[in-house]
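One chain, chain A, links the two complexes that follow: it is found with chain B in the first and with chain C in the second.
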Partner chain A sequence: MTDLLLLFTQQTINGIYLGCLYVLVALGLTLIYGVMNQINFAHADFVTVGAFAAFFVATRWATKWLGLPDTTGYLLSIVAALGAGALLGLVVNAAVFAPLRNRGDELRPLIATIGVSVLLENGQLALFGPIPFQFDSPFAQHTIRLGRIFFSQQSVLVVIVAALAIGGLYAFMKFTFLGKALRAVSQDRETAGLMGINENFLIALTIVIASALAGMAGALLGPVIVLTPFAGASVIVKAFAIVIIGGFGNMEGTIIAGILVGIIEAFTVQYLGSGVIDLVVFVLLLVMLVVRPTGLIAERREENV
Partner chain B sequence: MLRFPALKLAALAVTLATAVPAAAQNVIRVGVLMPISGPASYFGVQGKEGIELALEQVNRGGGVNGFRIQVQYEDSACSPLQATNTVKRVLEQFKPHIVVGEECSDASLAIAPILEQAKVPMLNAGSATNQLTESGYKYVFRIFPNAQQQGEPLGRNAFTKLGARTAVLLHEKTNAGVDNADGFAKAFEAAGGKIVGRIDFGRDVNDFTPIATRIAAMGKVDVLPTFGLEGQQVRLSQALAQAKVVKGGGGSAIQMGSIWLPWGYDAKAGQAAVGYIRIVQFDPTEKRKMVTDFNAAFRAKYGADKTPTHINAHAYDTILLIAEAVRRGAKDSESLRDRFSKMREVEVTTGKITFDAKGQNSDLSVIHFVETQPDLSWKSLNW
Partner chain C sequence: MGALLAVEGLELAYGDVAACRDISFEVAAGEIVTLIGANGAGKSTTLRGVAGAMRPRRGRILFRGEDVTRMRSHERLLAGIALVPEGRRVFPFLSVRENLEMGGFRHRGDKAKVNALIERMMDTFPRLRERAGQRAGTLSGGEQQMLALSRALMSEPVLLCLDEPSLGLAPIIVQEIFRSIVAINRAGTSVLLVEQNARYALETAHRGYVMQTGTIIAHDTCAALKQDERVKEAYLGRK
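And then the complex of A and B:
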């Protein structure tokens, strides 16, 4: 393999790994937008909560208290983060989003997401302090080498989990009654209600699924990011960009855009420098808005999600 | 309720006896601007620990020369905008005699002209950018070595002691990161070395694998001077090790770093940190009495298992220096500035302080190089 091909392959692998991480964060955002037509500004903090939940389960509860091996502890922590995200979504929806939504005002729930974000950030700051936590995945310690190509076991795990999450979500949406009902709500909330679909339950379910995905993303991002109460903010801007590039509320578009942004980022580092990553990503976003405002996958609005 | 006039008078006398000295108590007001929220808030938390310990010691027994040091903490969030707004409010409301802070260079550069105009000295302990003491300010004093003072010995010793001939600069995209990298490059190239690459990164970069891949593709590189915050440096070192670039991952390049990295970095980075060479100003393993006393007092206050970092020590030193200026007769902003400008070889935990005409500490006598060993301990390099 020539050096150039080797470099191309290596940066593509790096990009796919990074893209999968972004997809996991962006999926929840796009799901909420697709069903509720609302942006959740607290999504980054759900990711952070997931990361902290995974950290404490992996490094304290599973390994120290239950005596599980590091690898099992970390895998368990991914499930725990998923659960923590789901629980948080359930509570926040019941306490904040649902009461505001029932008042029939679209702006208030949107502003409330900012409030929830500030609340979660500062709550975590009070609980955990600002000093970065060192969250290492046991899978990140092991590097797989295929000739001169390398990647960590952690990156393989991230790709597998992302694929499972995408597949699971796709199957849920396409083949289950609840998934079909969700799609019905996203297409026309009022008509779905007239058909006997419990709109509030399905919106709550959407928030729970999106939050669970965010929590799980946190568990996988934890060993990558600098884990502080503000950690999620470092990926959320790109996640928003991915959702817009992919087509707001469109799952397939989000997946393609996420992987694309990951790969673009890796090659930007290689050929332009990491200092211009944001510039490149947001130029792409602006170009998309001008050339193809519907996003990469230009489906009809009602077919999103 | 007191019923008898005599008792009321006695109570009043007791109240006055205690109230009058308190009212007459001289106070030096210190505004402390640190990041208490946001990604850099660990600076503020550790800084506060150091300051609280120093205040306890300095104010014990009534203070210095009849002056107590009173501190007001403010969150400047490592942000130029927030620091600017905060310092204006502090000057208006708290009326400090001196301001300690900020930690981040960009925020420090933002508040320096405001304090200069207000004629309130700024005592800085954590910003590295050269501009802070190269802009002609008369009220700015810095105990932290500037970027030139950190980068120059790194570049010179990389060439002379390590025999390095090629380097790739890695730095965060801030005034401090750029200045440190420039300082290294200037000394390294002047000695005959070659900078073969320069890679900057924002504070929002999480995954450093693409950067490590790019460096691996550059072929053999001798040294990698890196300037960034602790969290990112840990991830960067781990990515470089994974790509087999640095010694800690079985490669040949030596990663070098500055005073920025606090104690504890090596444990966090693990084996990736092996072979890492950096300059340190505060070394908790140092045997100087000032340091051992500080370590003991710090552990007594915050826990036997806690080792103070350079952030704790620098903040502690700022209060010691203010107390020393007061001991030398300072009682207001102008006299504080005057006493600082005349300080020569004042010993604190982070070494000796001698402010030059620009307000920069010029005494680098305690700065030394350490190398991370396979057991992650530090080996002093006697360079």
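And then the complex of A and C:
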């Protein structure tokens, strides 16, 4: 009995760690959908760019050039990936999304996100080649032991960073004028404009926040995934499933769904084997689509963000 | 300088279909002007054009002598034009207080001013104070209209545009809303009022323009319009 409880606790902890990684990726998707009613197919590549930025900062610049310790280098690389994601979001919005959006048609910006995705993947392929990079986190080797439960320092770090990001985002949405304006834009864009809110500025801000989160997720995912120019694709499908399960555009739903999928994945690995993870997640997605197509938090489905 | 708002030869279209054409009218400082007319006459469209929610296909809009035709809605708000949209359009998932804050978005750098304005709105409509923390979507129609009106006033507009403020409300609430509109006007804000209920509109406003199938067919002082046979027959009903 105690063994079973122990196993249950251990897998729940593993699941929360995984779920936090997914949430960081999925939040950006849901934010952009909530505010702009648009799906960003390039989101996965923002994750990849973040992972590569983190890789070079952690394994080259910070440690080899500046001579910082591994751990500081990795922490610094998380911040760098956040910045790289934000910067990329800013540039892509200004160069591609904003000019298309102002022409007032919805399909072209959507297709453009696919174009940006192709551009980023092949750009990185040209720069870094197809061979996977070895990106080790110095925190992954240290295990923390609590009684008979084990977890790595890396998983603690991931949970802390995710909690900070979610908490920060929540406080921003709830307590600042700009955050409230973002919610107003997501609820009624035209009326928000009539309040003197510049929707283009807020859309740019949304993309920057979403991309920054994606970049940061890249730094945390880098040591877990196979780091190639196409790395983001391995998590984005699951992130899409999470966003749908949580209710497209619903932040709270996305967070709950992300953690839930993480936990389900951990238990699937324990009892069914890692080969069927995607099967289980997508069966869950299909069941959700049939039973509750509006997402987990159905009664609040109209609240985006 | 001339009029506060001067609309010249305005044409607005949804896609290829013109909803109103060759619209010209003026609002002088301190005035309440109403656009009346049947459903689908183009009143709301005209008002949306003035507030910048729609871009005109032709014509000019001058506000305080400045050409605002090309300005987007958030820029027009900064210029001093606020709109209470048709159907109220409160932000349903923001609280009443947050809705008011959004109305005062232009003052976001000055928290004390926003709070003072919110206090003033809540003094005018105590119901809003009772429901300050509640989601706006859960309010009754009348409360939402009070909120939409207060929200527009939060920006301290020079010209307040109101689109069908009586729509779907009980007569007693409508009276309260129209009393507030008069009070707002006495306090120095000019008002452009679109209203299907011509009786209320002509009682409240100083001058009126009559719209029919997308154009203005008559304009005069409200006192004169009330005596106009066409207006009487079409909008006021015979006594």
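As a convention for this text, the second predicted complex is superposed on the first by the 300 of 305 C-alpha atoms of A that agree within 3 Å, B and C clash if a C-alpha of one lies under 4 Å from a C-alpha of the other, contacts with A are read in each partner's own complex, and residues count from 1 in each chain.
The definition used in the following text is that a contact is a pair of C-beta atoms (placed from the backbone, for glycine too) under 8 Å apart; a residue touches a chain by one contact, two chains touch by 3 or more.
These numbers were taken from a predicted model, which means no experiment stands behind them.
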| query | So if we stack both complexes on chain A, do chain B and chain C clash, or do they fit? | reply | fit
| said: Tell me the contact category for A:V235 with respect to chain B and chain C: first, second, both or neither. | reply: first
| request: For A:L18, select first, second, both or neither according to whether it touches chain B, chain C, the two together, or no partner. | output: first
| Looking at the overlay, does A:Q187 come into contact with chain B only (first), chain C only (second), both, or neither? | second
| field | Which of chain B and chain C A:F177 touches, first, second, both or neither | value | second
| task | Once the structures are superposed on A, label A:D278 by its partner contacts, choosing first (chain B), second (chain C), both or neither. | result | first
| request: Return first, second, both or neither, reflecting whether A:W65 touches chain B, chain C, both chains, or no partner chain. | output: neither
| chain A: partner with more touched residues, chain B or chain C | B
| remark: Smallest inter-chain Cα gap (chain B/chain C, superposed on A) in whole Å equals 38
| field | Contact residues of chain A, present in both the chain B and the chain C interface | value | none
| remark: chain A contacts chain B in the complex at 3, 6-7, 10-11, 14-15, 17-18, 21, 122, 125, 129-132, 134, 136, 140, 143, 150, 152, 155, 221, 224-228, 230, 233-235, 237, 265-266, 269-270, 273-275, 277-278
| said: For the complex, give me every residue of chain B touching chain A. | reply: 36-39, 41-42, 44-46, 173, 199-207, 209-211, 213-214, 217, 229-232, 234-235, 238, 242-244, 267-268, 270
| note | As the complex stands, chain A meets chain C at residues 177-178, 180-181, 183-184, 187-188, 190-199, 300, 302-303
| said: Which stretch or stretches of chain C touch chain A in the complex? | reply: 51-53, 72-74, 77-78, 82-83, 85, 89, 91-94, 98, 101-103, 105-106, 108, 151, 155
